[in-house]
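Heads up, the next two complexes both have chain A, just with different partners, chain B and then chain C.
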Partner chain A sequence: MNRDGNRLCLNFDPRTKILLLIELDIILFMGHSLIYETCVLLFCSLILAIGGQRKSAAKFLTVYMVFVVMQWFVDPYVEIFIFSLLHFITVCVRKLLPCIMLGKWLIATTEVSSFVAALWKMKIPRDVIITTSVMFRCFPTIKEEWESIQIAMKMRGIDLNMKRMVTSPVRTMEYLFVPLFISVLNVSDELAAAALCRGLDKPGHHTCMEPVCFRWFDYVFMMVATIWLFVMCALWIRGYAV
Partner chain B sequence: MENQRKGHSSRKAIAAGVFIALYLVTYVIVGAICMPIAAIFLLMPEVVALLAAPTYHMMLAKSPAGTPIFIAAVIPSLILIASGHIPIAPLVSIPVGIIAILLARKGDYREFKWNAVSHIVFSWNLFGGFVPIWFMRDYFFESTLEGGMSQEFCDTVRSLTPWWVLPVMLAATALFSLLGSLFTKKVLNKHLAKAGVL
Partner chain C sequence: MIEMKDVSFCYAQSDTESLCGVNLSIADGECILLCGKSGCGKTTMTRLINGMIPDFYDGELKGEVLVNGINPISSPLHEISDMVGTVFQNPRTQFYTMNTTSEIAFGCENRGMEPDAIRKRVTQAAEDLGIQGLLDRNIFQLSGGEKQKIAFASIYAVNPEVYVLDEPSSNLDCFAIRELRSILELLKAQGRTVILAEHRTWYLEELVDRAVYMEQGKIVREYSMQELKRFTMEERIETGIRPVSLSDYPLSEKKSVKSDKYLSVQDLRFAYKKETALQIPDAKFQAGNITAIIGKNGAGKSTFVSALSGIFKKQKGTVCMDGKRQNPKERVAVSYMVMQEVNHQLFTDSVEEEIVLGTQGLSADRLEHILEQMDIADLKERHPMTLSGGQKQRVAIAAAVFCGKKILIFDEPTSGLDFSHMMQTVILLQKLKSPDTYIFVITHDYEFILSACDEVVQIEMGCIKEKYSLNIKSLKKLRDFYQIN
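Then we have the complex of A and B:
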C-alpha cells in the first residue's frame, strides 16, 4: 500500500525495482521479434499500472503503438535520408521503451531515503553507497554549472566550438576544465556540508521513515522475471531464436 | 576521533561521486557525438581517454582510494548494456578496473606517475563495447543493424576494422591517455594549485 492509502497501488521494495529493471533489460535484448517485444512491454506496463503509475503506463503503451504503426509506414521508404533517420529514431526508441519506462518508474516512485535504506540493507559498502548516490544526483547540477560557465565565457568573448578545439586544443581544454573543476569542487564541498548536517557519518544503524521490506507482490514479480530470464537463457543456449 | 576519521571518508566519497559524474558526462557527450558516424565511431575511446584524464587525476587527488576507480570503470559498461549492447562489456571493464586499482595503489594513489599508468589501463574499459567487432563479428553487425543503425554504417565499420585495428586502437588510446595526463600535469595543476583546490 502506498502512502495515499490507495488500495489498488502496490509500493514495491526498491530492491525489487532494481532487480526488475536489470532482469527485464536483459530479457528485452534476448528476443528480436515484434511479438516478443510487445510481451515485454505489456509486462512492464502491468508493473507500472499496479506500481502506482497507471497514467504513464497508458501513455507509454500509446507511444509504443504509434511507433509500431509509424515504422510500418516508413519502412518502404528507408532509402530516402529523412525517412531512414526517422526509421532509426523510431526503432531505437521503441527498443528502449521498456527500459525507459522502468527507469522512469524507479526514479519517480522511490524516495532517495528509502533507496539508500535499501542499499544499506543489501550490505553494500558505505563508500559505494555515498559515491553512487551523489553521482546520480550530480548530473543536473553539472549541467547548470556548465551553462553558467558558458555564459561567463561568452561575456569575455570566448566561444567554445569545434573550430577552436581543433586549432588550439590545449588552450580550449584549459578554458574548459579549470572553471569546471573549481565549480564542481565547490559543489562537492557543499554536498559534504549537507551530508554532515544530515548525519550521514553517524556510526551505527541508520533508520528510515518508510518500511523497506519484501512483501508478497515483490516475491511474485521477482519470481516471474527470474523464471522468464532463465527460460530465455536456456532457449538461447539451445539455439532457439524468439 | 573515530567519528572524525569517518567524516573524512564520507567527504572523500562525495568528491569521488561528483568526479565520476563528470567522467560519465564526458563519456556520454563524446559517445553521442561519435556514435552515429562510422569513421569517428572508432575514435571514441581515444577521445574519451584524452578528455577524461584530468577528471581521473582530480578524482584521485580528492579521493585517493580504489572504490571510485572501480565504480568509474564499471558504470560505462552498465550504460552500454542498458542501451542495448551485447552484454559482455563488464567482462572487459571489471578486470581493467581491478588492474587500474592495483597500479594506482603502487603509488598510494598519490604519485602522478603511477596514476598516469593506471589511467592508461583504466581507459581501456570502453573496449567492452568494441571487442565484439572482432570476436563476435557477425553477431555484432547483426545486433547493430537491429539496434536501428543503417546498413551503410555497418558496412563502413566492417571495412574499417581488419584485425590489426584493435591493437592500434589500444595503443592510440594509451597514447591519448598519456597526453591527457601530461596536459593535467603541465597546464591544469598550475591553475588549480593557484586557486588553492589542489
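Then we have the complex of A and C:
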C-alpha cells in the first residue's frame, strides 16, 4: 500500500482514480490511430508511475511495444487464417490495455476503507456502496481461491494446460469455474455479514483514518482528462476523425 | 442483560425449526458457553443476539429477544452493532480491508469518529491486546492466529458491551488458542458479557460461568465447567462437547496394518523465491500408518506435504515409493489432498460423476463398494454442493480412493468439528488404512492425534524436528509440544 512520505509517489483520492478510469476508457475508444492510442497509453503509464506503481507501468509499456511490433510483423500475412486470428487478438488486447492498467492500479493502490469513505462522500446510495465495496474486496480473495483450486485440479488430473484447453475447453472451464463461483459466493456472503456486523451500513457521516480529500495533483489530472474528453467530443461532433 | 423468552426460529429455506421454545437470561458480565453437536442451534442463537437475524438471514420468528433493552429483531443491524461485537469462525473471510491498522479502524470509521480519535482507539486496542507488532501489515500475509487477533482488536476498538464469538478457536493452533484465552480473560476482567458458541473447551475452564447445552434447537440443561470435566467418553460422543482437560485424554489402541512398503525421502528441498522453505535430509514412512504432521503456523507443514506429493515442480531431492524412485509428476498422479476448503475440490454436478471424474474403464462394482464404504450410497444422484460439510468430505475421499491414490493427505480434517463428528472422522480414517496406502494428516487437534494417528512428525522451520511412533512412552513428547502437564 502506498502512503505519503513512504516513497516518492502521489496518493490520489479514490474519486480521482474512479473518474480517471471512466474518462480515459471513453477517450480511448474515441480515436483510432496508433499515435492516438500511444498517447493514451503513455498518459496512463504516467499516472501509474507517479501513483505508486512504477514497475507495473514499465511492464505495461513493454507489453504494448511488443504488441505493436508483433502487429507490424503479422500485418502482411493477414489473409492466412492463423495470422488474421493473431492480428485480431493483438489488436483487441492492445486496445484494452489502458483499461486493464487503470483498473489494476485502482485496486492495488486503494485501501478499501478509503474507497468506502470516498463513495460516502460522493453521496452514492448505501446499497450500491455495500455491493461495490464487497466486490472490491473480493478480488484478492479470488486470487487465493484460484491458486487453491488449481492444486485441487492437478491432483484429480484435470489441471489447466494447453492440450486440455484445446481438446475439451468447455469441460475444463466448467471444472475451474464451478468451485470458483461457489467459493466466491460463500466468501462474499461471509465478508458482507462481518462488515454489516461492524456497522458498514450505518447511516450518517463515515470517516476515514487516512484523510480522503482532493489535493493539487488530483485537480491537475482530473482537469487534463476532462478537457481531453471535451475536446474529443467536440471533434467527434464536428466529424473529425483522430 | 440479554433475555430470550420462548423463542422459536425457522430459517426461510428450511422446514424444520432451528430453535424451539428457548428461554435464556444472561446477566451483564457473564461468560456463557453455548455447546452441543453441529446443527443444534448454537449459531442461530448467536445470530439472534447480534442482529444478523432477520437482516441477513430471513425466517420466521416467535417469542421475544432483548439485548440491553433493545429488540435486535426489529431494530436495524447497525444499531445493534454498537452494543454487540461479533468474531466469526473463519479468519479468512471476516476482513473488510487489506491492511491491519485500517481494519482495526474500520468500525470506528463507520461511526463517523474523527481521525485523531480513531488513531487513539487503534493504538489503545493494539496495546491492550499486545499486537503492536502486527500494525500496518498486509492481512493476507498473516497467519490464522494473527488474523483472529486482528479480528478481536477491530471489535475491541469499537468497545461493545457484548461479545459474541462463533467458534473462534476452530482454525487456530494450540498456541494461538492460549493467546485467545488471555484476550478473553481481559474482556472478562473489564466486565464485558461474552457469549461463545464452541466445541473446544480446554481453554475455557476458568473463564466460563455457565455452559448451556443444546440439542435440536432446545436448551436441554446447563452444566458447570466442573461437571463437563467429569464427562465420560460416551457422554462426550453423545453431547459432542470436547474434553475440558486434555491431560487425562486416553491414547487409543489402533488397528495395526502390517506392511513392508515404504515412502522414503532423501535430501528433499524446496525454496519460495530463493528462501529455503523446506529441507529434509532423510525420512522414511511406512505404508499402512496414519502420520500426524504437527507444528506451529507457518512451520512448513503444508510445504512438506506439497513437496511429498509432488505438487511443486521445482523441488530438489529424491522420493522413492515402494522402492521405486518417482519424480514429482508420477507422485501427483498417485496423491490426493483433502483440503480444508473442500468446496475447492468438487467439480461436477452429481456425486457419482464426481467420483469417477478423470478415470476410465473402472468397474461399477468397485464404485458401489466405495460408495457403501464411505456411507454415501444414497447420495449418489445429489449435487455435491447440496451436501453437508462432512458428506462433502466423504465424497472427496471416495473420489481419491476410487482413483487408486496411494498417498492420501488430509489438511485439518477435524477443525471445527464437535467430538462425535471428530470420532466419525477417526473411524473413517481407520477404514482407509491399507498395506499400500500412506496417510498424512496435518492437524492441530490433540484429541484427534491420540485417537487416530500411529506416528507423529513435528515440523519446525521447514525441517523435521521430531519423528516418533505414538505410544505410551512417546506420549510425553507430544504433550510437551502441546504444553500439557
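Definition applied: the second predicted complex is superposed on the first by the 173 of 242 C-alpha atoms of A that agree within 3 Å, B and C clash if a C-alpha of one lies under 4 Å from a C-alpha of the other, contacts with A are read in each partner's own complex, and residues count from 1 in each chain.
Following the convention adopted for this analysis, a residue touches a chain if its C-beta (ideal position, glycine included) is under 8 Å from a C-beta of that chain, and two chains touch if they have at least 3 such contacts.
Small disclaimer: the values here were computed from a predicted structure and weren't measured.
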First, second, both or neither for A:Glu174, with chain B first and chain C second: both
Touching partner for A:Pro203 - first (chain B), second (chain C), both, neither: both
Partner chain(s) touched by A:Lys55 [first = chain B, second = chain C, both, neither]: neither
Partner chain(s) touched by A:Phe29 [first = chain B, second = chain C, both, neither]: first
First, second, both or neither for A:Ala117, with chain B first and chain C second: second
Which of chain B and chain C A:Lys163 touches, first, second, both or neither: neither
First (chain B), second (chain C), both or neither touched by A:Ala195: both
Which superposed partner A:Lys154 touches (first chain B, second chain C, both, neither): second
Set intersection of chain A contacts, chain C complex versus chain B complex: 133, 174, 178, 182, 187, 191-192, 195-196, 200-201, 203
Complex contact set, residues of chain C against chain A: 50-52, 55-56, 76-78, 81-82, 84-86, 88, 90, 92-99, 101-102, 105-115, 118-119, 122, 138, 140, 154-155, 158, 306, 309, 311, 332-333, 335-337, 339, 341, 343-349, 357-358, 385, 399, 403
Of all residues in chain A, those that touch chain C in their complex: 1, 111-114, 116-117, 133, 137, 140-141, 144-145, 148-149, 151-158, 174-175, 178-179, 182-183, 186-187, 190-211
Of chain B, residues touching chain A in the complex: 2-3, 6-7, 9-22, 24-25, 51, 54, 58, 62, 65, 67-68, 71, 75, 81-84, 87, 146-150, 183, 187-188, 191-192, 195, 197
Contact set on chain A toward chain B in their complex: 25-26, 28-29, 32, 84, 87-89, 91-92, 95-96, 99, 125-128, 130-136, 138-139, 142, 170, 173-174, 177-178, 180-182, 184-185, 187-188, 191-192, 195-196, 200-201, 203
